[in-house]
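Heads up, there are several structures right after this.
Each of the next two complexes has chain A plus one more chain, namely chain B in the first and chain C in the second.
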Partner chain A sequence: MVTCTCTGCALLCEDIDVIIENNRVKEVKNACRRGAARIRGCVNRLEPSVNKKQADIDTSIKKAAEILKNARSPMLFGWGNSTCEAQVKGIELAKRLNAIIDDNSSFCQGLLIERILKKKFRTCSLEDIRNRADVLIYWGSDAQDSQPRHLSRFSYFPRGEHRQHGYEEDRTAAVIDVRESSTAKICKGHFYRIPTGGDRELILALMDALSGKVPKYDKRVLELAGIMKKAECGAIFAGIGLTYSIKDDPDILVALADKLPNFNIMPMVGHYNMRGFNENLFKETGFVNRIRFEGRPVHNDGYAVVEALRQKSIDALLVIGSDPLSSLPGSIVSHLADIPVICIDPCVTLTSRIAAVTIPCAVSGVESGGSAVRMDGRVVELPGIIENNHLSDQEIMTGLMEAL
Partner chain B sequence: MGIDIGKFLKNPEYEIKITTYRDIFQAEALERDRFGEEYRKLSAAIMMSKNDMKRMGFKPGDRVKLTNDNGSIVVELRESKREEPGGVAFMVNSPWSNALVSGDTGGRGIPEFKNISAMISLAKEEVTTIERLIIVR
Partner chain C sequence: MPTVMELYQLLPKTNCKKCGESTCMAFAVALLSRKKNIQECPPVLEGKFKEQKDKLESLLLPAAGAEETGLIVHPELCTGCGNCVVACPVDVANDPKGAGIGGAPTNDKVIFRVLDGKVVASNIKECRRFGMNRVLCYACIDPCPTGAIEFV
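== the complex of A and B ==
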């Protein structure tokens, strides 16, 4: 039996025991069902190809380099499922090509992570949550389905250092959502349903209630404000439900956080190393995504993958560890039919099916190692646990640079 | 002017609001095989409250067509097992729900993945396959 780190979500659980037989995963212990499925692997492994014909991996990498070199406006996109080492190499590659680089956070949690890195929010570690948190607000976040061990390992159920009575007495968890989610079912009695897009209105009502004004809102907001006021150590786990809803004015959440001195804000991240990419690019450029290197890094919303595809402003796309054909609006992905797409992934995806070049890679955390940044900012090591012949993302990036 | 009979044969359409969510069983199926039957079953579906279904004359298991300016898909209708006041229907985030999402983001780059308006009607066609969603228009 070996211990590995799960890359199924940004909790990066490090307590996963795996039984390996004949170089294959036989049994996965401690992981949630999503993590176990990731570690067991997909049924359709990707094969290297050029123009839909099977090729060897070196030919694929060479062809990919040629496409990128010949493009006037290439984009490198994905990164949330790559190690930090591969991301750093990817940023180097973007510099070398004067390319646009963007990641999934561009249409996900980038707005909040940027504010965390700029220190606009108070935040804390997941261990702090486990040891000290007494009020937990899942807002637009269904952790039970998206970061499935969040409640059991860190927030609600554990008997933390100063919370020995766990959820029975020491902790209160509330859910704010448009839907009675799985997490809401656990937090019975503290589920606050809002209409789609109603987050801003609730934030304003809470701010009124916290300042002693009478909010023009459902009376239950006073109860919620009361719970939050009494917190010794509170946390708002901000899901994409909340982020999408306040995307036009994310600073409204900063304003609420300012009224809650005992609270921490934690964006709930899906892809295991999305935060890693945001931190790596931030270190290099001062921005978390949507960058074009033109001798110097330039940030522009036009460099968001969604905008670039809609405006048809890129002429080649390298996708790594992401499936834009699956995760972006169907109405904008038609541009992918007109430009060469390079797809790097362990598995066959919708995007790989239309790609001009496919480059299979190892599953990070299982077949290759490295490091990644957990949703709270802690760096976690990923030991590779299975010997195999696949190149890691990092090695593929190195190969591309050499081929250039 | 003759009577347009086709108009009367057409299934009645209703406006609905759809929001998307995540489901661990679907996420598990995605990890294993995004082209598989399980992933399709868990993705190509829409959940509605009992009341909404009754109001529109639908029943669980019906195939429904969802259409808006961005696309058109056929999915299976299910009754929500959660307590729902109605007025909003739910889909697990997937290429099926994304087929209905507008690419217009007001220049901000974040689409309305969770705030979709569409028309719903009974469908004669089969449920949209994932292959159909790959064909890049």
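== the complex of A and C ==
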């Protein structure tokens, strides 16, 4: 039996025991269903190919390098499912190519992570949450479905150093969402339903209530403000629902946090190392995404994958560990049919099916090691646990650099 | 789940005591709590009670896949989230530094553990719903978002 880190989501659970027999996973212990599936690997393994014809891996890498080299405006996109080591190499590659680099956070949690890195919010570790938190607000986040062990490992159910009595006595959990999610079902008594896009209004009402004014809002906001006021150690788990809804004015959440001195803000990240990419790019450029290297890094919203595809401003796309064809609206991805796409992934995806070049990689955490950044910012080691012949993301990046 | 009366109605109602209980009613109670099984009533096994016996068996069937004490996990509903693992008071008491703080169980004394993404139950005799000082505990059922745990 070996212990591994699950890369099924950004909780990066490190307590997973795996029994391996004949170099194959026989049994996975302690991982949730999603994690166990991730550790067991793909249903359909990606094969190396060039122009839809099978090729050996070196040929695919060479062809990919050629496409990138000949492009005027190439983009490197994905990164949330790659190790930090691969991300750092990817940023180097972007520099070398004068390419645009962007990741899923540009239509996900980038806004909040950037504010965390710029220290605009107070935040804390998941262990702090377990040991201290007494008020938990899942806002626009269905943690129970998206990070299945969030409530059991850290936030709601476990006993912690200063929370020894079990969740019924020691913790109050509330859900703010547009629908009754799985998390809302668990936090039965404290579900606050809001209309789609109604987050800003609720934030304003809460700010009024917290400063002793009477908000023009449903009376239950007073009850929620009361719970938040009494917190010794509170946490707002900001989900994608909240982030989308306040994307034009994310600083409104900073303003709310300023009124809640005992609260921490934690953006709920999906892909296991999206935060790692944001941190690595931030270190290099001062921004978390949407960068083009032109001798120096330039940040522009036009370099967001969604904008670049809409404006048809890129002429080659390398996708690593992401599946834009399935996650972005059809009207935006139509441009993918007109440009060469290079797809690096362990498994067959919708995007890999249309790609000009496919390069299979190892499943990180299982077939290759490295490090990643958990949703709360802690660096977690990923030991690879199964010997195999697949190149890691990092090795593929090195191969591309060499081929250039 | 059948009621005691439903089961009783199908028994021979002769209070012959061959099952070791003093009345058929007492046997029905024992059947329901799974302390006895139908085979322990010799009269009902006789041919003339065949219909009743089949009915009894089908009434008690849903529990066939259950642990001896009536706990069933529906694997198709379970997401392996582990809420029940950490919420069960027996798990907390028997493994305070592992399951009790939300981590992987560190010993074999826990009731719940997650294998291949789904919960399996063992040591079920430790469950607070059974034994001398039993209480009607819901600590594993309430936190389960999918209704995957059931007692029959």
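The working rule: the second predicted complex is superposed on the first by the 404 of 404 C-alpha atoms of A that agree within 3 Å, B and C clash if a C-alpha of one lies under 4 Å from a C-alpha of the other, contacts with A are read in each partner's own complex, and residues count from 1 in each chain.
The definition used in the following text is that contacts are C-beta pairs under 8 Å (C-beta built on N, C-alpha and C of every residue); 3 or more make two chains touch, one makes a residue touch a chain.
Given the structure is predicted, the values throughout are model-derived calculations rather than measurements.
Peer 1: Could you classify chain B and chain C on chain A, in the superposed arrangement, as clash or fit?
Peer 2: Taken together on chain A, chain C would fit alongside chain B, as the superposition shows.
Peer 1: Could you say whether A:353 touches chain B, chain C, both of them, or neither, answering first, second, both or neither?
Peer 2: first
Peer 1: After the superposition on A, what does A:167 contact: first (chain B), second (chain C), both or neither?
Peer 2: The answer is second: A:167 touches chain C but not chain B.
Peer 1: With both structures superposed on the shared chain, find the angle between the C-alpha centres of chain B and chain C as seen from the C-alpha centre of chain A, to the nearest 10 degrees.
Peer 2: 70
Peer 1: Who does A:187 touch here: chain B (first), chain C (second), both, or neither?
Peer 2: Touch partners of A:187: none, neither chain B nor chain C.
Peer 1: With the two complexes superposed on chain A, say which partner A:301 touches: chain B (first), chain C (second), both, or neither.
Peer 2: In the superposition, A:301 contacts chain B only.
Peer 1: After the superposition on A, what does A:158 contact: first (chain B), second (chain C), both or neither?
Peer 2: second
Peer 1: So, A:363: does it touch chain B (first), chain C (second), both, or neither?
Peer 2: neither
Peer 1: Between chain B and chain C, pick out the one touching the greater number of residues of chain A.
Peer 2: Between chain B and chain C, the winner on chain A residue contacts is B.
Peer 1: Go through the superposed model and pick first if A:382 touches only chain B, second if only chain C, both, or neither.
Peer 2: neither
Peer 1: What is the contact status of A:203 with respect to chain B (first) and chain C (second): first, second, both, or neither?
Peer 2: A:203 contacts neither chain B nor chain C.
Peer 1: Name the contact category of A:33: first (chain B only), second (chain C only), both, or neither.
Peer 2: Once the two structures are laid over each other on A, A:33 reaches both partners.
Peer 1: Could you state the shortest Cα distance, in Å, between chain B and chain C after the structures are superposed?
Peer 2: 7 Å.
Peer 1: Taking the contacts chain A makes with chain B in one complex and with chain C in the other, which residues are shared?
Peer 2: 32-34, 36-37, 144-145, 148, 182, 185
Peer 1: Which residues of chain A touch chain B once you look at their complex with the stated criterion?
Peer 2: Contacts found on chain A: 8, 32-34, 36-38, 40, 42-44, 106-107, 111, 142, 144-146, 148, 178-182, 185, 193, 195-197, 240-241, 244-245, 247-248, 290, 301-302, 304-307, 309-310, 323, 325-334, 336-337, 347-350, 353-354.
Peer 1: Any idea which chain A residues touch chain C in the complex?
Peer 2: Of all residues in chain A, those touching chain C are 15-17, 27-37, 130, 144-145, 148-149, 151-154, 157-160, 166-167, 182-183, 185-186.
Peer 1: Chain A touches which residues of chain B in the complex?
Peer 2: Residue list for chain B touching chain A: 17, 19, 21-25, 27-29, 31-36, 70-71, 82-85, 88, 90, 93-95, 98-105, 107-115, 130, 133-134, 136-137.
Peer 1: Going by the contact rule set out above, which residues of chain C touch chain A in the complex?
Peer 2: Chain C residues touching chain A: 78-83, 85-87, 89, 92, 96, 100-105, 113-118, 143, 145-146.
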